[in-house]
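For clarity, chains are labelled A, B, C and D in written order, and residue numbers in each chain start from 1.
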Amino acid sequence: MKKIINDPSTVVGESLRGLAAAHADILKVRTEPAVVYRADAPVPDKVAVISGGGSGHEPMHGGFVGLGMLDAACPGAVFTSPTPDQVQAAIEHVHGGAGVLLIVKNYTGDVLNFETAAEFAEMSDVAVRTVVIDDDVAVKDSLYTAGRRGVGGTVLLEKILGGAAEGGYRLDELEALARRVISSVRSMGVALTACTVPHVGEPSFVLGDDEIEIGIGIHGEPGRRRVPHMPADQLVRALLEPILDDLPFGSGDRVVLFTNSMGGTPLVELYLAHGIAERLLEERGIVVERRLVGPYVTSLEMQGMSLTVLKVDDEMLRWWDAPVRTAALRWGA
Amino acid sequence: MKKIINDPSTVVGESLRGLAAAHADILKVRTEPAVVYRADAPVPDKVAVISGGGSGHEPMHGGFVGLGMLDAACPGAVFTSPTPDQVQAAIEHVHGGAGVLLIVKNYTGDVLNFETAAEFAEMSDVAVRTVVIDDDVAVKDSLYTAGRRGVGGTVLLEKILGGAAEGGYRLDELEALARRVISSVRSMGVALTACTVPHVGEPSFVLGDDEIEIGIGIHGEPGRRRVPHMPADQLVRALLEPILDDLPFGSGDRVVLFTNSMGGTPLVELYLAHGIAERLLEERGIVVERRLVGPYVTSLEMQGMSLTVLKVDDEMLRWWDAPVRTAALRWGA
Amino acid sequence: MSCTVDGVVSALRSVVAVVDEHRDELVTLDREIGDGDHGENLKRGFTAVLSKLDNPGETPAAVLKLVASTLISTVGGAAGPLYGTAFLRASSALGQTPELTPESIVVALQAALDGVVARGKAAVGDKTMVDALTPAVEAAQAASGSVAEVLSAAADAADQGSRDTIPLVARKGRASYLGERSAGHMDPGARSTALLLRAFADAAS
Amino acid sequence: MSCTVDGVVSALRSVVAVVDEHRDELVTLDREIGDGDHGENLKRGFTAVLSKLDNPGETPAAVLKLVASTLISTVGGAAGPLYGTAFLRASSALGQTPELTPESIVVALQAALDGVVARGKAAVGDKTMVDALTPAVEAAQAASGSVAEVLSAAADAADQGSRDTIPLVARKGRASYLGERSAGHMDPGARSTALLLRAFADAAS
């Protein structure tokens, strides 16, 4: 394992120090327990939006902390959900009197840890609402699974909610908007290579020279099926069709298209894939209103990509377009 | 070779289509010959700033086209400098009557191709100046080499010049500023893994499981020396010391620190390295005024990083801070 | 072991050692059908527990509560809240008793299982730690004899329960994403439950 | 070959075939001490040349000018402007002559070399295409006989010159970044120069 680290057990802490040094105008970091929070937190009378999850998905979530997006992020160990006391510390630190919205990706660990924290917060009279995002169509959503995973859609959700919170939405309104976004967003991903978790030291799965894994999550977990590698035209179709068929999306729908790199896929490939996705959507009469292209929800150095499609309306677009000033996403500010 | 492409010979063209689709509000793409240019070009009475180089370094340069940075970028084949007619087309397309500044990275191919284009432009009465950036301290600068390579410093140069051009600098002033930036910036890089050029199909060099290559360029070319992998503290020092000793940088100097990923290194590692670099600079009494952290000058999927340090003054900082609105760098706009 | 605070503390020290020793095995199991962090998560948690055992409190319940809160705040993932809840409920079930008895062990184990089920909503057969803990509780109830004998029966049953997870298709936790591909592997949480119980049983004998 | 336009065009067709055939070899040489694109660059360039050979113009000079401008606008890298300049200067040197002679070949080769040196500023021994082209010009000047014989002498000398680059430490181009590590490898541009001249010589005989 070759990584730019000193010691697997100090990776997250040391990385957070670098993050804080790099973006002192936007965010601050506290440790024990680890929380990344807005430099100007708490923002009085604004609903605080908090998220978190395992590390290794950078820039998610720490890179989305700042004006118009998250008030705080709770980074767990690599690929491990954070602990309740991180979430509690985040709540105490950033709540501005108008309540807190917790954005949780649907994994058993994340759900349980955030749930515990929410119970504590309620005891100290902070109004807390939790929304769980589960946009990954690769996972069968049934009574017999832990349900769909939260993946790329999380970025779109955090941007839109962060914008609306900054714009004055009350907790109820924000929760309602969150639920609409969650029910309108779908994603699917593919891995060309596996990634190596620092404390494991070996790739999380092994793919042959000409094999790819379709339907992977973002934690290096194996996917739904292993198939021979294919040309980009076919690959993008293999990701996009299950997404479109699921909601379903149809002619005339307005969408945000998010083409995400899993980390190790170069931009030259990612833009190529994005161009194909745009064309396929156009063929179906689906109108791409906004797009996001880049490595935003990653799995360390994994090569691969995911597509996320969100069916939008004017309200969502308004908050998507609203100013944002974070380490990873920035416009209008 | 597993890549998200259809055919090695169409990679650049297809990728540019995706870039254009993703950022129609910022840039446009023309083909045959390929040029990425500002959506609002030509900007009347502004010096046009043009750069270019081989593809495979994305987001450089296409991702830096837009308000406050480049007016046009000329993308060559992967790792191959563009041809003169691309540069000529760019000049024709974006010059707004106040002359053109060409930013060329110091590689024989780039220098020769831009030189040819500049000759043609002079014939058609467009005032053209060329500056050549050569910031890579890994290469010995002597009469017996092609001179130092242009690497990470290019981003800082393009941002500062783009800001100043937008701010009304005349061609002479801009050229003078460029020469000052070039003489004040130094870089050095390391590869943990090689990258694979699509039309080659195999890695450009082979590193052992515990080997790294110090002093690499950005074209997958081998570096100065191959050494056993080392902890991040040591690695960052091995990159930073030759930089600091070269200019040299000393106590009290004000700098911009740019911690760059070669593409495949995850942000969690990059921020960790950035934190170390900040600490080492602080120990030497060097004041970090601004920082940039991310994959901006890449070598496809190569894992590795580079450090760039620019000694700044108030004039440079002013244009660094000026609004920029491009696909890859954006603030204040 | 003595069944006072001191005995519980020294049992916990062996638990820490066992987790340490089996860290890689648990990582490997979790890589196969999960995300490879279970061994590391537990190691981080129990290492933190170890650092607190010098001030364990007055009663067995107090020690277990300390373990619970430490695990909750250091383990993360699914296992953190689940094991945390298990120890917390076991602690509550013990009340102020200064010394553990075979009966109190049974009550504590049952409370732990109830806690895990309440939090994680898993049933037997879902391929989780519940598949080790459920037979362990049943065996403890059926066992007679000393604390050591009760714990040993529980550990044996948990061990068998963890093996029985191998053919199962997961329906809870991260392994459930794999669908049919989760069959053929032992559940890491069931394995760690068996290891923990074995360590307690060994310490008691 | 005939030494009229038709002959030059058919020679160029064989050049294209040779470049195609040796594309991988040139890529490999360039990977070792450069960036691995030389074979691909020339292939792209000469493929473009091929597509233009149906309207070659009236004189040998016109064909070479067409080759020059096509290479300049399609090859990129160092080789594009250098080979482009070489063909452009050779074209100028030929003037309006309708048919090549042994003497005009010598003049054209000399002009090509001068152009490459003017653009690239490399001297013999710097480990570049100049190390193949310089001995080629000298051999052509010394040779007597037909166009075929002159070109053949040039090709032989270029071949030897390219081999002689192996032990050299590069002082120009991308290979110079490697310092001492560039020794032990043949320069890709010297090799392609030798291949081009060989293809012309073979076509002429």
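Throughout what follows, contacts are C-beta pairs under 8 Å (C-beta built on N, C-alpha and C of every residue); 3 or more make two chains touch, one makes a residue touch a chain.
Going by UniProt, the chains are A, B = Dihydroxyacetone kinase-like protein.
Since this is a predicted model, take the numbers as computed values, not measurements.
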*Computed distance of Cα centres, chain C from chain B, in Å*: 54
*What is the distance, in whole Å, between the centres of chain B and chain D, each centre taken as the mean of its C-alpha atoms?*
32
*asked:* Please tell me the distance, in whole Å, between the geometric centres of chain A and chain B computed from their C-alpha atoms.
replied: 29
_Between chain C and chain D, centroid-to-centroid distance (C-alpha), Å_ = 75
*Mind pulling the residue numbers of chain B that touch at least two other chains?*
78
*Could you tell me which residues belong to chain D and also touch two or more other chains?*
none
_Touch-based graph of the chains, sorted into line, ring, star, complete or other_ = line
*Who touches whom among the chains?*
A-B, A-C, B-D
*What residues of chain D sit close enough to touch chain B in their complex?*
27, 31, 33-37, 40-41, 44, 72-82, 84, 119-120, 171-174, 176-179, 181
*Of all residues in chain B, which touch chain D in the complex?*
9, 33, 54, 76-85, 107-109, 112-113, 115-116, 138-140, 144-146, 149, 197, 199-200, 202, 204-205, 217, 219-222, 224
*Spell out the part of chain A that touches chain B in their complex, as residue ranges.*
2-7, 11-12, 14-22, 55-56, 58-59, 63, 78, 192-193, 209-210, 212, 229, 231-233, 235, 259, 263-276, 278, 288, 291, 293, 295, 298, 300-301, 303, 305, 325, 330-331
